[in-house]
Amino acid sequence: MQPYTRAEMAAKAAADIPEGWVVNLGIGIPTMIADHVPLEREVIFQSENGVLGMGPAPEKGREDPWLINAGKQMVTLRPGGSFCHHADSFSMIRGGHIDLCVLGGFEVAENGDLANWATSENDTAPAVGGAMDLGAGAKRLWVVMEHTTKDGRPKIVERCGYPLTALGNVSRVYTNLAVLDVVQGLGFVVRDIAPGLSLEELQAKSAAKLHTRA
Amino acid sequence: MINKIVQSVADALAGVKDGATVLIGGFGSVGQPDALIEGLIEQGAKDLTCVANNAGTGRVGLARLMELGRVRKIICSFPRSAGSVVFEELYREGKIELEIVPQGTLAERMRAAGAGIPAFYTATAVGTLLARGKDEREFNGRKYVLEQALKGDVALVEAWEADRWGNLTYNQSGRNFNPVMAMAAETTIAQVQHIRELGELSPELVATPGIYVQRVVRVDRGAPWV
Amino acid sequence: MQPYTRAEMAAKAAADIPEGWVVNLGIGIPTMIADHVPLEREVIFQSENGVLGMGPAPEKGREDPWLINAGKQMVTLRPGGSFCHHADSFSMIRGGHIDLCVLGGFEVAENGDLANWATSENDTAPAVGGAMDLGAGAKRLWVVMEHTTKDGRPKIVERCGYPLTALGNVSRVYTNLAVLDVVQGLGFVVRDIAPGLSLEELQAKSAAKLHTRA
Amino acid sequence: MINKIVQSVADALAGVKDGATVLIGGFGSVGQPDALIEGLIEQGAKDLTCVANNAGTGRVGLARLMELGRVRKIICSFPRSAGSVVFEELYREGKIELEIVPQGTLAERMRAAGAGIPAFYTATAVGTLLARGKDEREFNGRKYVLEQALKGDVALVEAWEADRWGNLTYNQSGRNFNPVMAMAAETTIAQVQHIRELGELSPELVATPGIYVQRVVRVDRGAPWV
């Protein structure tokens, strides 16, 4: 069995993004997706701190500290990009103008719920950032995450146990073991399995029923 | 390659449906998308709800659209102005619906639609005829009315410059309702004076990012009174 | 008796505006106020169509048709001025950032109510424009108007008969016959009377009790 | 002559009262008004409610203000970040109140305060812990929660350029929360890199008009990491 690497997970998600979409990428593996979209395929990356049209990471020696993304990494702006303030930036997000948001996750449920910001109701100062705005506002919500926790507990679940970030909005999950669609009224549908992994093995590592295309 | 530039006004207006809500930018003649309004007259959609600050003047543009019987309802702040002859005639005869909205509430209702805010409270119009039938609530001892987002199917806007991603800049008071309406519509169509190469517009100066714009057409409009 | 001219009414109001205030002027006599504020006394005139920092009317031959005020007259922008869109412009107004708004009026009541947009509930398409936003949002609301209608009916009243524009917010009225303060809990207080007019004569042309300073 | 420029950080911070709500701009280190925060530490006001995206890092700036016991409550979207040691310690010990607000709701609540909107509905956080106790209402079949305006007594912002009327421009992603916070406070104090003559700033480019700014102080800040 060959689980996908983080780069492969990012590349798989990147391959599914068509030209012209406006895309917001969360911190972590989602951020890596941008590196796998060729510049010729014009995808407009938005960052909630008011940057629309981010380009690749700056070349060594050409970094501009006044230009960062939501993960606080230095980035570039491509021709056609623009800046705005936080209220205008979240107008784009809340107003449904972002075609796709890709976030990391603690758990995704078969009803499309996402938990990714707190691990208990009494979490020590949980940090939500823009995840709830993105989860509720983007036209599509994809999640990229490991299929299980480090100690092997499934993150693909029937119902989220952790506090929710967004309700019913996740439509696809990319993990190190599979790509799953979330179909309303049905649940998880397998699109792709890592090489050498059987459906039964994948099901065993998941806590919700996995369907296959009819 | 993303390219929102279309070659003709007819292409720009293609697909506007009967019954659509059309947001029309401009304040006075400044920032008014004249060529797009003419294009809409040609295009033929009817039973329209038009949102604009005024209700048209003379017998051209929006007034002409109304005179042709294509406008079911107008939502505006200032219907009665010098030369709003067509509107006044239709209104007297009961042939057009009117919703008067205070100018700031009109702008904010569209901004709200664009920003994913379904409703907001404002002190504007509290205790007046225009607050009738609206929910009222007190915050910190002051009364406010609840106003709902106003969304368009189509926005017709006028801008100064555009690039192929649909980024727009405006010229002075030509900004007015245009950026707000661009946010609020499903399909935003911009008539611009100048097409620039991608990257030519200053990223600090773009007043309507391309994310809000679906189609751009260049129209040599000259001065706004033309 | 020498009633004030329109220019005198505007000049009187102008004289009462201190440097540094941000001021929005309604259509008609209020617009004339700007001409009576010297440029050296820096007053920032705002127009609801997104112009902040208007200067005097343009010189002949130097008009710019892209730069108009809310009355659709061509204006100029002074150094330090800026442009914004309608939602941002009304944020300034509704948010209480305008120090003073001066409007015309049909009636002003002793409780500070203003009626200036419709003459009956069934008015033929009354036009409100930005008057209600300004009336509710500006820090101070002054009214400049004739003291009576053309047929002699008082416009200074106990309660407005016409549909209201704003409730209880008018604090001063400049008419062709007098300048009146509106004091909450008391009513109209005379600040100034036109030359040759007695308090009794002024009272006779008003439909609300006029007080004098104690 | 209107002149909002003051000569020292101490002059800029004069009069901040105990118990004040202080809005602090910036996202990461970009657009963060470091010198003004240091000035606030010097100035001495206590029992503060601070509104910022993060809860400070290391033991300088906002973290130092908290460590000195001057912050009663923090309102932010992302308190737990690399290096938020002071906050985490105080929070564990129950010595600081925390209100977590989704980032977009945080920005919009301040924009609302500046725009005279006492409350608005949003779909953000519906059905989550952060919606608890908030009014909920349906519009067009979708649920929304009511969020209230968040006003500051003081806003500390960082900008690129200013003139004596208080007009501000920003540099790239340095804009972030700054223009929104500038709108939302009774007294807005701006730390800027460059003072320009009146009329030097493009009227199309001013991102915060001077109407929202009370005091400006020039601080040679260099790069944002300094």
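Order as written gives the chain letters A, B, C and D; numbering starts at 1 within each chain.
Just so we're on the same page, a residue touches a chain if its C-beta (ideal position, glycine included) is under 8 Å from a C-beta of that chain, and two chains touch if they have at least 3 such contacts.
On a predicted model such as this, the values are computed, not experimentally measured, just so you know.
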### Summary
Intersection of contact sets, chain A vs chain B, gives D
### Message
Let me check something: if the centre of a chain is the mean of its CA atoms, which chain is farthest from chain C?
### Response
A
### Message
Contact counts by the stated rule: is the higher one at A-D or C-D?
### Response
A-D
### Task
Just give me the whole-number Å value for how far the CA centre of chain A lies from that of chain C.
54
### Query
So, what's the distance in Å between the C-alpha centres of chain D and chain B?
33
### Task
Would you mind pulling out the distance in Å between where the CA atoms of chain A average out and where those of chain D do?
28
### Message
Roughly how far is chain C from chain D, centre to centre by C-alpha average, rounded to an integer in Å?
### Response
35
### Message
Quick check on chain B: which residues sit in contact with 2+ other chains?
### Response
108, 111, 115-117, 122-123, 170, 172, 203-204, 207
### Summary
Check: chain C positions touching at least 2 other chains come out as 77, 83-84, 87, 90, 93-94, 137
#### Entry: Touching pairs among all chains present in the structure
A-B, A-D, B-C, B-D, C-D
## Note on the structure
Residue set of chain C touching chain D in the complex reads 19-20, 22, 40, 42, 44, 46, 52-53, 77-84, 87, 90-97, 137
### Message
So in the complex, the part of chain C that touches chain B is made up of which residues?
### Response
47-51, 64-70, 72, 77, 83-87, 89-90, 93-94, 118, 121, 124-133, 136-137, 163-167
### Message
Please output the residues of chain B touching chain C within their complex, sorted ascending.
### Response
27-30, 55, 77-81, 87-88, 91-92, 98, 100-105, 107-108, 110-111, 122-130, 170-180, 207, 223-225
### Query
Contact residues on chain D for chain B in the complex?
108, 112, 115-123, 137, 139-140, 142, 144, 148, 169-170, 172, 202-205, 207
### Message
Quick check on the complex: what are the chain B residues that touch chain A?
### Response
1-2, 111, 113-117, 163-165, 167, 183, 197-199, 201, 203-204, 206, 209-212
